[in-house]
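Read from first to last, the chains carry the letters A, B, C and D; within each, the first residue is number 1.
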Amino acid sequence: MAAYIDPTFTQEQQQILMQQFGLDKPLWQQYLIYVYNLFQGKLGDSFFFRAPVIEIILKVLPNTIYLMLGSLILAYVTGILGGVFLAWKRGSSTETVGTVFTLFTRAAPQFWVGMILLAVFSFKLGWFPSAGASPAGVVYSSELEKLTSFVFLRYLFLPMLTLAIYLMGLPLLLMRTNMLDVMGEAYVDMARMRGLSEKRVMLKYVARNAALPVVTAMAVGIGYAMGGNVVIETVFSWPGLGRILVKAVSSSDYPLAQGAFILIAAVMVFMNFVADILYSLLDPRVKVGG
Amino acid sequence: MDKNRYLVKVKKLKKYFSVSHNLFRQSLEKGNTLKAIDGISFKIARGNSLGLAGESGCGKTTTGKMLLKLYEPTEGTYFFNDIDMTHTYDKKVIKFFRKQAQLMFQNPFEAINPRFTIGRALMEPLIIQHNGSDKEKEDLVKHILNKVNLQPAKNYLEKYPHQLSGGQLQRVVLARALITEPIFLVADEPVSMLDVSIRAGVLNLMKRISNEMKLTTVYISHDLALIRYMCHEIAIMYLGKIVEKGLTEEVIKNPCHPYTRALIAAVPNSDPEIKSEEPKIKNYVPSPIDLPPGCIFQNRCPIATEICFKVEPKMKKINENHWLACHINQK
Amino acid sequence: MESKDSTFISIKRGMISMICFFKRDKFAMTGAIIYIFFILVAIFGPLFAPYDPFMMVKENGKLMFNQAPSVKYLLGTTNMGRDIFSQLIYGARPALIVGFTAAFFVMVIGTLVGLFAGYYRGRLGNILMRLTDVAFGIPFIPFVIVLVAFLGPSIWNIVLSMALLLWRDTARVIRSQVLTVRKRSFVEAARVSGASDLRIILVHITPNILPLSFLYGSLAMGWAILTEAAVSFLGFGDPKAISWGYMLHDAYVSQALSRGSFGWIIPPGICIMLMVMAGFYIGRGSEEILFPRLRKID
Amino acid sequence: MSLLEIQDFKVYYRSFAGITHAVDGISFTLEAGQSLGLVGESGCGKTTAVRGITRIMDKNAFIAGGKVIFNGEDLIGFSEDHMRTIRWKDISLIPQAAMDSLNPVYPVIDAFNEILTLKGRMDLYSAKRRAKELFLMVGLDPKRLHDYPHEFSGGMKQRAIIALALTLNPKLIIADEPVTALDVIVQNQILTEIKRLRKKLKVSLIMITHDISVVAQTCDIVAVMYAGKLVEKGTAVDILKNAAHPYTLGLENAFPNLNNSGKKLIAIGGSPPDLVDPPKGCRFAPRCPFRIKDCQQREPVLKEINSGHYSACIRLDEIEKIRTKSKEAKTWIKTVT
């Protein structure tokens, strides 16, 4: 047990720490103590940073949210538009090429895409910074200032793009097949029968209805995003939850690892909840809370 | 009277479904109970056929499923062959019941496992119910295919359901129902998915075979003409209750319940020179959840009076072959 | 005799329909060819690999590190002087092992959970569904990382950790499929004939959902390979096996990006991509096609 | 001038198996204010035919020939843009699947507004007033205009669809099995409504159905379709009381009638032919108990029996004999080739 504690501690400090964390007890008891503390809102202290876990993870949480939300929005907007486009071009070679290309983006490991973007745009061309979320020494007075600063956005761009490329496939392919499905619905034929223009039929009738399951699928997209975050934050050394988790796990910093894990899960559950609400707003057949 | 005369005896049978979306509180409280069947009683004599008629959602299919023990009733009793089926949990008795009581479905395209050949599908009930050798079973399958006019049987054994037409499939469904030599058959809208020119063939076949095998049958249909063609007796259902029952000819020629009258009047006449009646009843069928007291037909009835909104009418005999549940026309 | 013949005929028929399926569907055909290629590489590749993948190649006593691609070192060498092309060939093995075993477990667990959750709508079904919901609430890659770190880095632990969560998609899809199949009248017909629940599940329902579970198996194979790559890239991979993810990890930590050694970075990614793609192709990306139906039925 | 004149109209489908001759040369005329019942079993091409008229067809369907003269102009030559100006304004549709023919994510009034305000036909205020007027006309509460489609019952939705079809005062309404999915009582209400409105607004109607008795009560003239061809046409009385084609006679035999208990139902053996490779000669011949050698060689054409009553049967001169014989069950037992 003592191996996890920084060797620079004195014997006495180590004893205190061990007792504080219950590290002198058997493993299952340690776990129960941890869970007990968890319910009290205490996540414990990080072994590695020697600071409360809650402080560390809350500090990096905004970075993860920016990265995740930014790429989710980018991915869903381009995905839905791309899906509409491919469905519109159904049967053409544009559609086949587009579909196959999208499948490639889904099949490529996201960290690998990140590595290539990094090697090309950052190391070779020097357009974007290669690591981190801000240059050394820069301090923002508020999150808003950070988010609106050009410097930060430049740092955000590559990781966001990488994650978005990975996430885009699901809404795009889903939108495409849904569009094709909805085109077979009676109300689409009826809309054509009413003399509406093809554009109006495709957008107001087909796309509007085809988008509903895509919103539902956002729950899955968010799951992918959280997983993708872990990997991409590592590639771009982005100071977020995922990177903290990887660091904590590799340095056996259990309180921190567990704290980060729980927060990631919490973000995921919360985002799923948001997706559900969004869905009920878009589909009149679903009542909020029903 | 002969005690053994009736094969099926149903008394005050009820089936309530919970429509509560609450996972933890699926109790049958007021307000979230759907009364699919609400106290129906009838008897079917051996070899007779009963038609259950009514609009969608009136509980006729649920009744059929209860007669086959696919649903357990909420209340009431059901005697089959003088055995109380509502309170039977003996596996042997149930297995024997499964051999004796069979079902025919509305949609023949869904009724046969798409992964089975026709021969295999017909074999399935025998594997469960029959103790004979493989050869005997195979002969039985061929025999039954001949019986439902799918000849030569050899041509059908290796076919898959999607290779047959609707009419042929419905004959296979009938064959499967009959292969265990049942004494009781429930047919739920057996021809409503078939084309008119095919329908008559299946109906005539069913009629002939039930006579030959002395089957007791229940036909469930929204089509009064079909029930008149197929059944000795009829029961008209509305919102989970029987409103009128009796001999088919008697009820159709002399309908007494305003609902039965409306049903008969609504059937379009195929003679263009006789104009159909204008519909007399208004409104739509109310939701079967949370019904008001009194007669269930009150909100649509053209002859309802005060009593109909307060007291539920009881089923009364108006003559030897005719029963009715209506305050006004009973007198 | 007759039954033997009929088994033979049905096997033959099955083979023919399988061949027809691949012939008709160009996508599935491409996928199958890619798989066969990688399987051959995994089996016979080591015979053709020019070097031992762990060997630090020396020429005249000098460590040949960071070599550019050449005839001798097709894709160059790593910073430790290891031959990248040989590593690439050896990488096919762990990828296939991970892919196939994970897909197998995912298929078996997912199909069983889906079958029972869909068929028994009462307490058992509810418990299984909640279990699936819980599995959906756990972030996948973080879970695998934590578990692998805890259990120790090995291929089997990675497979185990993935299988513990990855069944959830299959279970949910199979369940909704079972819900529709069990409503079809042939299931009711079986019940009316006196078939037991187990017989209905095994004889009547399972054959109708198996194609779907194979499809999800082929997709799970892709996910498993991707996840293994990600886990290895993050440094939690099996140090005894050279996997493509591990190669990329190696490249990343040894500054291959800033040196622009594309010969080291690009090929492993392409191999992973092709293999995952093959899984998608065999399932024809049907995950997306089937997905809209997943939640509508609940 | 007739409102609609269809001449030798053909609609085919491309499929893996080959070309399906779904509608293979049908002709009929419809006068202004008249109602026509197009009767036939599933797969006989009746829906394909009317879809072909409006050119709202499946992707793999194409018009293989013929003329559709509407109001004196041949619609076949019209561009898609030109067709768009005809649709709904001149020809509207009441589909079978009323349940699914409104956009589920918009309130019902949106469909009215959309049509009424298209290309500046009306301003939103008058559109609203017109929608209310239409709802009252079909017996629906105008308050419900703002409800979503899923909040309507089956019968109400069908009424709303009828109101929608009347929005622009079209000259022709095509009703494709408008009551099939409904219960008898609601069915009767809707049919009565259609009849009433048709008389009041003097609009022409093509009613597609498989149910002869529905046609008997709503249509002036009836055309019977079998396997992509018209086999008989005439007034409702002609067809239902003096049928002159073996198929029509067979259909009537097979139809259970509530008012006639003694009648024994007689089935037509066999099943409709495969339209990828239709039989030579008369398409009904393989199932027809009255066929002679010639039937499977020579294709019959519609011949007038008496004023306005046509039948496509080679043995038309023996029709009295055939009619009598067709009432006997044993006639139809004859094996099918």
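Throughout what follows, contacts are C-beta pairs under 8 Å (C-beta built on N, C-alpha and C of every residue); 3 or more make two chains touch, one makes a residue touch a chain.
Model, not experiment: these values are computed from the prediction.
J.: Chains shared as neighbours by subunit B and subunit C?
T.: none
J.: Averaging over Cα atoms per chain, report the distance between subunit B and subunit D in Å.
T.: 32
J.: What's the distance between the Cα centroids of subunit A and subunit C, rounded to whole Å?
T.: A distance of 23 Å separates the two centres.
J.: Taking each chain's centre as the mean of its CA atoms, how far is subunit A from subunit B in angstrom?
T.: Their C-alpha centroids are separated by 55 Å.
J.: Is the chain-to-chain touch network here best called a line, a ring, a star, complete, or other?
T.: Topology of the interface graph: a ring, with each chain touching two neighbours.
J.: Chain pairs that touch, all of them, please.
T.: By the stated definition, chains touch in these pairs: A-C, A-D, B-C, B-D.
J.: With touch defined as at the start, can you tell me which subunit B residues reach subunit D in the complex?
T.: Its residues touching subunit D are 55-56, 165, 167, 195-204, 222-226, 228-229, 249, 252, 262-273, 275-276, 278-279, 281, 284.
J.: Quick check: in the complex, which residue numbers of subunit B touch subunit C?
T.: 23, 68, 70, 94-95, 98-99, 101-103, 105-107, 110-115, 121, 124-125, 128-129, 173, 176-177, 180
J.: Taking the touch rule as given, give the residues of subunit D at its contact with subunit A in the complex, in rising order.
T.: 54, 56, 84-89, 92-93, 95, 97, 100-105, 107, 111, 114-115, 118, 148, 150
J.: Report the residues of subunit D in contact with subunit B in the complex, numbered from low to high.
T.: The touching residues are 41-42, 153, 155-156, 183-189, 191-192, 210-214, 216-217, 236-237, 240-241, 250-259, 261, 265-269, 271.
J.: Quick one: in the complex, what on subunit C touches subunit A?
T.: 136-143, 145-146, 149, 222, 226, 229-230, 233-236, 245, 248, 251-252, 257-258, 260, 262, 265-266, 268-269, 272-274, 276-277, 280-281, 285, 288-289, 291-292, 295-296
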